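I am attaching a structure below and will ask some questions about it afterwards.
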Amino acid sequence: MEWVYFGTCIAILITMVLAVVRGLMGPTIFDRVLAVNMFGTKTVLFIAVMSFLSGRPDFLDLALAYALINFIGVFAVLLFFQSRGVRREAEAEREAGK
Amino acid sequence: MDLLLDIASAVLLLTGGLLVFVGGVGVMRMPEFFTRMHAASVTDTGGAALILAGLMLQGGLTLVPLKLAAIFLFLFLTSPTASYALANAALLSGVATACRNQTGKQLPEERQDALSASKPQTPPVAKAPAEKAAAKKAATAAAPKKPAKKAARKATRKTAKKPAKKAARKKS
Amino acid sequence: MEVLGLYNYFVFAVLLMVGLYCILARTNIIKSLIGLTIFQAAVFLLYISMDKIDGGTAPIILEGVDDQIFANPLPQVLILTAIVVGISTTALALAVTVRIKEAYGTIEEDKIQEMDRET
Amino acid sequence: MITIVFSLFLLTMLVIVAVAILRTDNLFTAVMLSGIFSLIMAANFFILDAADVALTEAVIGAGISTVLFLSALALTAEYDRSPPVGTWVPLLTSSALGGVIIFATFQAPRLGDPNAIVHKHVAPWYLERTPELIDVPNVVTAVLASFRGYDTLGEVFVVFIACIGVMSLLGRVRPRRDSIEEGEFEKRSDNLRHHLIPRVVGKMLVPFIVLFGLYVQFHGDFGPGGGFQAGALIAAGVILYALVEGGPRGRELVPEWFSSMLVALGALTYTAVGVVSMMRGGRFLDYSALSHDPIHGQHMGILIIEAGVGMTVAGVMITIFHAFSRRGIR
Amino acid sequence: MTLYDQLPALVVAVLLFTAPIAYMLRLHGFPWFVATAGVVTSFAVACSLAATVIGGETIIYEMGGWPAPYGIVLSIDALSALMAMLITGASSAALIFGYKSLADEVGEEIAPAFFAAWLLCTAGLVGMVVSGDAFNIFVFMEISSLSTYVLISAGPDRRALISTYRYIVMGTVGATFYLIGVGFLYMVTGTLNTADLAARVGQVEDIRLVLVAAGFVSVGLAVKAAIFPLHSWMPNAYTFAPNAVTVFIAAASTKVSLYVLMRVDYAIFQNSIANHDVQLTFFLVPLGVLALFSGSMLAIYEKNLKRLLAYSSVAQIGYIALGISMTSVAGLTGAIVHMFNHGLIKGGMFMAVACLAIRYRTVNVANLAGAGRAMPWTMAAFVIGGLGLIGVPLTPGFISKWYLVLAALNEGWLGALLVAIILFSSLLAVIYVWKVIEVAYFREPRSNAVPVTEEAPLVMLIPTWIVVLAGVWIALDTGMTVGLASVGAKILLGAAL
């Protein structure tokens, strides 16, 4: 069974690398957000499998916490985009007002 | 019985791992943001489900499968939501996409700088036979590489109106 | 193998270098602060790699399992403290940054320096 | 062995991401990448058997820190316009630093060396004596809350001071300059209410996050967790609510006076435990003096101070988030 | 356990306990009152501790009742008691002095936060001084630094913000360096308790890590202590902080880092690294000498009075560094006494500056023309402080320089050179002090300036004069300071021998 866990871990790790590469390459900022999100879910899976691999499945709490936290990050990003758009409109209006 | 469980969970885990990996490759190889996101979100949820199910079979009659189920539930809820939110934000910010004109909405020009790097999108290899994808890709491919974004978008719109199959055939 | 066992120290050194370079070379305040977080994170890595022990597991004692090897709990406790200290510093520095932006209109240190020289 | 290979793998990624953070001039990208950085760091901590630290780093580094950086970015600037200055001095300084460390650690114990001195001196005592002296399974909690409880007290005051610092810096109201009408800006940019799916899912998850936070708080004696992680998680729940429903409604849910009182009360609770143990004839923070049975006293003390820590951290994170988000609309 | 046994914990606990209270009760004037009560109580506790340990014994207080290497202990000897007295004394004097000026500069709205930060700043500094655990020192260092950032950023000028930012970056890098050093020490010894470290670090085979650890700890603390090339955060931080805050941090804050540097170096590294006294000399003497010259020169050309005094502090820290670098009882005594006396002198002078600022609304030297006649008492206090900086007999500065010169004379030709340098930099001090005196007494105010005719309010003037007279008293009756300092120096060297 160990080798199955190990193989799954390797697959997840390689996917993590791919996500990081996407995050580094971009080209849009949304690609980077996508990469972070994907990296987050991969971390959740990685920790879940690792906790079985190391024989301490009671550490699944961590994976749970990661899943929740990752979600909040995406929301913060979404809100950031939205407020940025509105702020730019406001700036444009102010420029026009001048 | 134990062996059966082991085999079942091994199959689930390895399939899940494969799916996750495929998703990673998709994120790397797909031509533009929305297709990349498609690859990421579908395989994310599917791969995670398989892996967690595989682990659940190994958990035995303890709190562990319950926790795994909770993780699964959360991922099942949050992952699509996050994808939706991201796609929405990207669409509103005007990330270049082949079928943009289908939204029928012209976006203000200054939003364009959401593209962090001003690199042009790399043209995809247009050889996929599927009709819709081909149309999409042909449209992107037909768009000239260098000129200003506005021109690029106009070109995109024009080519998209043309019979898509023809463009695809020409390219290939 | 021996050299691989020291790999974590190399990474620690490289992260410290990246962090310090980011702090010293960039004049953008937020960028410097991100560098500062990397700089602090490098130290977390130093401490945590000390707690690892071959064949060990996290120091949470299981009922009924004997001769289990446990990782060293002390560096973990120290780093728990250090992480919280780090986020506190970051939060405070970000608040100062927001005020700087409001007072000067920019967060580039060189421009701020020019503005201060004028007054 | 396997774990060490994994660890090397993650460490390499860590370096690549750090260099990428250094090179980008888009601050938003840098913040996103530092989110990845924190997650890699946390995964690495987990591999290195530091479950509590991994949990903390994930919740605080990847979660709260990203949210704070994004809030600050929204209020300041998005691009790093540092001039390409002569970078000789920083380069030399940092390479000297790196060289010194590599020189020093050449003879240091390798990763996981069971003969390293750190595993021989103080640490075994903690692992051996915790069951009889304090009797909680999680040795990290025992060391954190009791053996080195004074450090933790200091740490609580560090977050306390961060909170009052942010409040004194951002608490003062500044006149608004936006041309958009009052309330309009807030309506359009401060919440996600018009997004149906995120709104429904987000609000649905808030109670679960808070519940999970409480679980981490009270399960901290037995598994990874404790006051810090729990406080940060509960705060994350409230922050999620505030993100979905907008700052004003977030402040209705947890008013600012309440969260800042929580901060002070938590710190006061912790110190009060110390003072009470003094009054009962023990040393400062000697929980054994709290009850007739020393172990029972330890349990009671740890429970109370962890509650104090949780209160303070949750209050601090919420207050800081409120301070930043309110600054945005004014 | 009697109350008497609990005193070591109380000196910190009182401050920690009152800080949340000061923050919670937001009645008018209440935070100031709570803060003053807390700080004064702590001062009283520190004094009684000093009376206990002046004989040379060391009190060990086990936090939480856990024995030494496993739990955290407080260890209080003559030196730490003296420092605790300096910190809490400076804090109470500055708070009482600042009753009016703080109400002026710090808004009612942020007063609770401000005074809570003040209490925690004091607590952090005292905690560093009394702690017997290397990591615990880091935690309290961060408490004191973060609260100092908050205090400085409360300054009215917008440049206070950018100074705070620079201080945050420098301070955090310094603290992180210290943390790295402690990490390396932990790696080679497996312990964090300073006494245990001192005992175990000598048995380490591979000395490189210890050496590098010593380097990191020293550099980190040097940043915090504003030793010469790393002082760049200090002048602006002092200049733009609220006046009463400047009084406090100038008197106490950098000294504590110097104290920790001295303590860690002498207790841990002197007996484990061969020739470490020579290394220390090579590290500190050039920096100290450079600090003396550059600090004094910058002060001579400085136009802003607060920054002038800050640069003078850079120079005075140079004296302390010189004293620390001479590994002899006389040198250490001189350094320790100079820490205390310089705290008193600078505190008094910044108080006088604050009095000037409240009437003149500026601290530019050029605008202070005629201050000698308009505010005779304030200027008299300033002049006495200035004489102390120069080191004129009958002032506290004389005592400490006397000990430094005595110690230097024992060091051979290098010592003779150091004596010459000390005397020369005293001459430089004459120049910058005279610059201020000349403007204040002998120059007519500009015709277009608003004439100042009023002396500073009594609530500020009386604390100023109390501090100045305390300085004079300490110069005349050296029993307490020199007694504690020489006992402390002997303890430090006793650990080293």
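Here the chain labels run A, B, C, D and E in written order, and each chain numbers its own residues starting at 1.
Please note the rule applied: a residue touches a chain if its C-beta (ideal position, glycine included) is under 8 Å from a C-beta of that chain, and two chains touch if they have at least 3 such contacts.
None of the values given here were measured: they were computed from a predicted structure.
Omitting chain E while holding the rest fixed, one finds the remaining chains still held together by touching in one piece.
Considering every other chain in turn, the ones in contact with both chain A and chain E prove to be C, D. By the document's definition of touch, common neighbours of chain A and chain C comprise D. Among the other chains, E has the CA centre that is most remote from the centre of chain B. Relative to chain A, the most remote chain by averaged C-alpha coordinates is E. The interface carrying the most C-beta pairs in contact is the one between chains C-D. Centroids of chain C and chain E (each the mean of its C-alpha atoms) stand 28 Å apart.
Centroids built from CA atoms put chain E at 31 Å from chain D. Centre-to-centre separation between chain B and chain E, using Cα means, comes to 60 Å. Remark: chain C and chain D have CA centroids separated by 12 Å (rounded to whole angstrom). Listed for chain A are residues 16-17, 19, 26, 29, 32-33, 35, 54, 58-59, 61, 64, 68, 70-71, 75, 77-78, 82, 85, each touching two or more other chains. Shown for chain E are the residues that touch two or more other chains, namely 135, 139, 142, 146, 149-150, 153, 186-187, 192.
The set of chain C residues that touch two or more partner chains comprises 16, 20, 29, 50, 57-58, 60, 74-75, 78, 81, 85, 88-89, 92, 96-97, 99. Contacts between chains, counted with the stated touch criterion, involve the pairs A-B, A-C, A-D, B-D, C-D, C-E, D-E.
Taken in their complex, chain D has these residues touching chain C: 1, 4, 7-8, 11-12, 14-15, 18-19, 21-22, 27, 30-31, 34, 37-38, 41, 44-45, 48-53, 56-57, 60-61, 64-65, 68-69, 71-73, 75-77, 80-83, 85, 87, 89-91, 93-95, 97-98, 101-102, 105-106, 108, 110-114, 116, 118-119, 122-123, 126-127, 130-131, 137-140, 142-144, 148, 151-152, 154-155, 158-159, 161-162, 165-166, 169-170, 174, 222-224, 228, 313, 316, 320, 323-324, 327. In the complex of the two chains, the chain B residues touching chain A come out as 6, 9-10, 13-14, 16-18, 20-21, 23-25, 27-28, 33, 36-37, 40, 44, 47-48, 51-52, 54-55, 58-59, 62, 64, 67-68, 70-71, 74-75, 78-79, 81-83, 85-86, 88-90, 92-93, 95, 110-111, 114-117, 119, 121. Against chain D, in their complex, chain E makes its touches with residues 1, 6, 9, 13, 16-17, 19-21, 23-24, 61-66, 69-72, 107, 109-110, 112-114, 116-117, 120, 123, 127, 133, 135-136, 139-140, 142-143, 146-147, 149-150, 153-154, 184, 186-192, 200, 206, 208-209, 211-213, 215. Here chain C touches chain E in the complex through residues 16, 20, 23, 29, 32, 36, 39-40, 43, 46-47, 50, 74-75, 78, 81-82, 85, 88-89, 92-93, 96-97, 99-100, 103-104, 109, 112, 116, going by the rule given at the top. Only residues 135, 138-139, 142, 146, 149-150, 153, 158-159, 161-162, 164-165, 168-169, 172-173, 176, 179-180, 183, 186-187, 192 of chain E touch chain C when the two sit together in their complex.
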